[in-house]
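Shown below is the structure under consideration.
Per-chain residue numbering starts at 1, and chain names A, B, C, D and E are given in the order in which the chains are listed.
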Amino acid sequence: MIDLLLVIAAAIFGIGVYGALSQQSFVMIMMGLELMLNAAVLVVVTFWWGTTGGNPSGQLLVIVILAVMAIEAAIGFALVTAVYRSRKADITEKLKKLRN
Amino acid sequence: MELKERLAHLAKTGDVPVFAVVGSGHRSPVRRLRLSDGINLVASPRHAAVLLVAGTLTEAATETVSRVHDQMAGPRVTVGWNHPEPSIVPLAENVVGGVPDVTAAIRQQFANVLTGTIPGEPPLLPNVDPVEWRGVGPYGHGGAGMTGGNPYGRPLPLRAPARDTLELDQLPITIGPWFAGFPPGLALRVLLQGDVVQGLEVDSTRFVSDGPGGVFERALREPTLIRDLEMDRARHHLEWMADALLICGVDRLALRADRLASTIEAGDVQRVDRLIASVRRSLLRPMTMRGVGVLPPDVDLTGLGPVARAAGVAEDARAAEDGYDDLGFTPVTHTAGDAWARFSQRAQETTQAIDLAGRAGNRLAFGSGAVEAPDGLHRAEGSRPADRFVAMLEVVLNGEEWGDLVTTIQSFDIDMESVSAPKDVP
Amino acid sequence: MTPGPLAYFLVAAFGIGAVVSGWLVFRTDSMLRAAYWLMVSFVAVGAMLVVLDAQFLGLILILMMSGEMTIMAIFMIMFMMNPAGLNPMTMVHQHRTSIIAGVGSFLVLAWVGVVAEFPNRPAPLEDPTIALGEELLGRSMLVFESAGVALLAVMIGAIALAAKQGRFGDAFEGSEEPDMDVASGDRT
Amino acid sequence: MVGIGAALVVFVAAVLTVGAAQWVWSAPGERDLTVPERVPFAGGAEPEFHAWNRFHIRYYAMALLFLAFDMEMVFMYPWAVVFVREGLLALIEMLMFILILVVGMVYAWREKSFEWS
Amino acid sequence: MTALGILVQVMALLVVGAYIFVVADRLMVGTETGVRAALVYPVRRLSFLLLQPVTTTERPDFEAWILAPSLLFGLAAVGAVPIPLDAPSAGGDIPAGLVLFGAAMLIVLVAVYIFGWAPNSALPMIGGYRFAAMVLSVGIPFSLVVLTTAIPAESLSVGMIVEAQSNLWFVIEQPLGLPIYLVTAAAIAFWGPFDLPEGSDLAGGIAAEASGPRLATWRFARAALMVTLALMGQAVFLGGYLGPVLPGWLWTVIKTLILLVILASAGRTLARMRVQRFVWFGWVILLPLALVDVFLSGWIAL
């Protein structure tokens, strides 16, 4: 069971890596990051359930990951808004172009 | 099919969902239709089975009425009501008569079309795409690049600046002339960014013909019984209040106001007061109307009747009439000038009118070319208040949220039957 | 506790659902669908958590993510060109590298997961929410309170960033329009 | 475990029932609609553009605030369960936590985040 | 009780409850048709809607449009699972029942939002976005007041919460709870005076382009959602199945009906709130009140 869960988590994580690297728009990159965190949640709960005898720290770690997701999303959206406001850009290339 | 017949048998005795296209002289009759047993006036043609074409419409209305007709989900049927020949759209039946007649006709045609006695009407507009898009472009969907072309027949909206400096898409859209939240015949081209209005333009096409003119029209030419004038005013205001309540989602009180409008008698102030007390309990003021639709200070309010008086302009042509003077008439005013002030203003003028009508006896008033009508000062020549309201919409509504826009337009009481011909609109 | 065949089946089903919907996030043109495919992925993982006796965590993940993903959909539709994907588009860069990195990380992690030996100490069957609550208010109080401070910082930071008027004047000042030759046929 | 399994069964059954009902009943109608019958309703006028656009919401700052408060809810569920057995300590700790967040709320209110931008 | 039994029970509750709710609403509108006509109204209405074909717009998101009513009903159904009918552990009572309910009610936003988005039409879309603003404003107070009932019960299971009210119902012990719950529940079910997404100022809003079976399923799903919200309201605030003489399930039904009638009557007699005022109302009035409710109830529970 643990093997199966870890393979699934690895697959979700792989998709997240692909998304975060390949996407051009900020929000889509954030989606890749969220997918990676999703995999992390699954891994943590898997170990909590199967290997640590239900150590509550595992649960706490999940909550912390959730908080990280919320913070990442809030700051991410705020940044997207601020960048769009000042540069009218929603994809990363446009920012690079501007730097030159 | 057995099941279909059973369903039709059940459905034909139920409420008839009617989408009403209201032409001249029929705003009040269509409102009374709301009181008819088993008639349900719906706001979207997608929910309707019967299209009611009431009163006289102009030639220009043909396309819009046809479009609404086609948007009905079907099995659909069109019923005319005092609609002059030749009709602008094909009618299954044209009723000449009052509310009971048309109710019966609508029920009958509804039953006919549900049970298959008559076939559902075919669409009226030609089956052609708005632009040629099939097979055009790299995927055959009519688009080009990221946002170009006409994907599936229409372009994508363009960006426009906004007051919070986020330059996002602006959707230009024409709403009306048969949008239930607006006075019948009013079509607005609105620039929407999100749900906020960034600009608007009134379509100067006339969709409804000139109104037949009631007691106030007569009072322009000859002295008229104050009793008649004031009862008509009370009825007009009550119907207006019913519309306002309907738009604000207080259906129960809207029905009461409608019922009151059709049964009210001179001097019967208590029933109106009870209605107004119920309206207060419905929290209409704090929830929907307070602070909505305030006019900018530089707008000229003279002659705008209740709208002006709700903003503190104590101006009323009745005050100069001897007949009214005898009755001790003084104009009611409010100061806030928002949608609630207008509602409250009209509510109090209704009570006042019923009171005046009860005491008026045979007194006469007006007849000299100017009369204080429910929507403002009417003159024998020159533009009507509706023209002025239409002209001020853009100034008042720019930057409003959509719901506030609808509330504000309703609060003006614009009578599209009395607007001038297109060329006269300022 | 050894999981029964039903648990295996459910985990596999939800797992496939989570992976497939995660993949569809990057394969759809509609921003709305992208956001909600991600939500489906989260819901599937939440359901797996429930199967793993972490009922509270699974459901709270679903609760959190449904709210967050709607906000994500709203923001994506707000800022992305052609949000409904009416014109099909691919907005990707370094595609090959990304695929290699994605597949590589999957293979490495999956290999670790399959090969490594883990101790078998299953969680007890009592309600784990109480343990979590006690942990939160007892030993890990600092985590809990610092989360509060972090969230406050995020709130203020996010509002300050997103709002039009900052302390130092209008955010619009000094901005300029970049040239728009990224996508051909772009009209904006 | 019956309860949560039942939740899954009920959810799937409910979604499938209503979905299938729509599918069965809508199949004949959707096929042969003409172009004018498909025009979106706008009171009789014809739309010029697709309605799908970069919809400018006016409450984005509020939406971000929601994310933070949503996270607060995550902490509150386990807190509520152990509240009585932990007693006053739990009350004070949560009071601190909430007060910190309320500061953020007041800041947002002051920044007019609850009004249309 | 098996999963199948729970399925039958929940479906029966929702269908019957939805029927009663529609009848009650019909009576509240005040058309002079009488009780008899109101009792057959849902049947006639449904027959008509089944005869109407489904319309579509030029380029809708078909899948989302079909999914939305199904999802809404699924959420209403799953939200009703953890609510016990006549005994603490009867039915689908689960340890984290409140979280399941809260998650389901929050996902209602998804169903409504995509229902407004799918037709690719301006007025429904504004309706969907209005609902997003509403749920983001009242989602927290809604979850908070429901959660507060878990404090004295020391459990997130709805059955335990009902049991904890054997001395005193929470409607008295947590006086702010039920009023806030009813207000927020009406908003989550986009029911008047908070029917902003379906308002008459949007010509029906999210439902403006829906006809026939699509409208029927949508209306039914919304009525079912109201039933679920009323069920939860009576369980956590009105003592659920607790009550003298009558059997427990009958108490549940009676209390649910009382809440349904209260909600139905508010829908037709109170004015619709402006969306901007609603956002302000949710954050500045309801949220602080809900926080006060949490700490007040916590203080009392100690």
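Descriptive notes on the structure:
Heads up, the rule we're going with is that a contact is a pair of C-beta atoms (placed from the backbone, for glycine too) under 8 Å apart; a residue touches a chain by one contact, two chains touch by 3 or more.
All values reported here derive from a predicted model rather than from experimental measurement.
Listed by label, the chains touching subunit B and subunit C alike are A, D, E. Relative to the centroid of all protein Cα atoms, the closest per-chain Cα centroid is that of D. Comparing the chain pairs C-D and A-D, the larger number of C-beta pairs in contact belongs to C-D.
One finds 51 Å separating the Cα centroids of subunit A and subunit B. One finds 5 Å separating the Cα centroids of subunit A and subunit C. Here the CA centre of subunit A is 33 Å from the CA centre of subunit E.
Centre-to-centre, using mean CA coordinates, subunit D is 14 Å away from subunit E.
Chain contacts: subunit E has residues 50, 53-55, 58-59, 94, 96, 99-100, 102, 117, 120, 122-123, 129, 132, 136, 139, 155-156, 203, 208-209, 212, 276 touching two or more partner chains.
Under the contact definition stated at the top, the residues of subunit A that touch 2 or more other chains are 63, 66-67, 70-71, 73-74, 77-78, 81, 84-85, 88. Counting partners per residue, subunit D has 4, 29, 35, 37, 39, 41-43, 47, 50-57, 60, 63-68, 70-75, 77, 80-83, 90, 105, 108, 116-117 as the residues that reach two or more other chains. Screening every pair of chains for touch gives A-B, A-C, A-D, B-C, B-D, B-E, C-D, C-E, D-E.
Within the complex, the subunit C residues that touch subunit D are 47, 50, 55-56, 60, 63-64, 67-68, 71, 74-75, 77-81, 83-84, 86, 129-130, 132-134, 136-138, 141, 144-145, 147-149, 151-152, 154-156, 158-160, 162-164.
Against subunit A, in their complex, subunit B makes its touches with residues 165-167.
On the subunit E side of its complex with subunit D, the touching residues are 1-4, 6-7, 10-11, 50, 53-59, 66-67, 69-71, 73-78, 80-82, 91-94, 96-100, 102, 117, 119-123, 125, 129, 132-133, 136-137, 139-140, 143-144, 147-148, 150-152, 154-156, 203, 208-209, 212-214, 217, 220-221, 276, 279-280, 283-284, 287-288, 291, 294-295, 298-299, 301-302.
Touching subunit E in their complex are the following residues of subunit D: 2-7, 9-19, 21-23, 25-26, 28-30, 33, 35, 37-43, 47, 50-52, 55, 57, 59, 62-63, 65-66, 69-70, 72-73, 76-77, 80-85, 87-88, 90-91, 94-95, 98, 102, 105, 108-109, 114-116.
Interface of subunit E with subunit C (complex): residues 59, 61, 64, 94-96, 99-100, 102-103, 106-107, 109-110, 113-114, 117, 120, 129, 132, 135-136, 139, 155-156.
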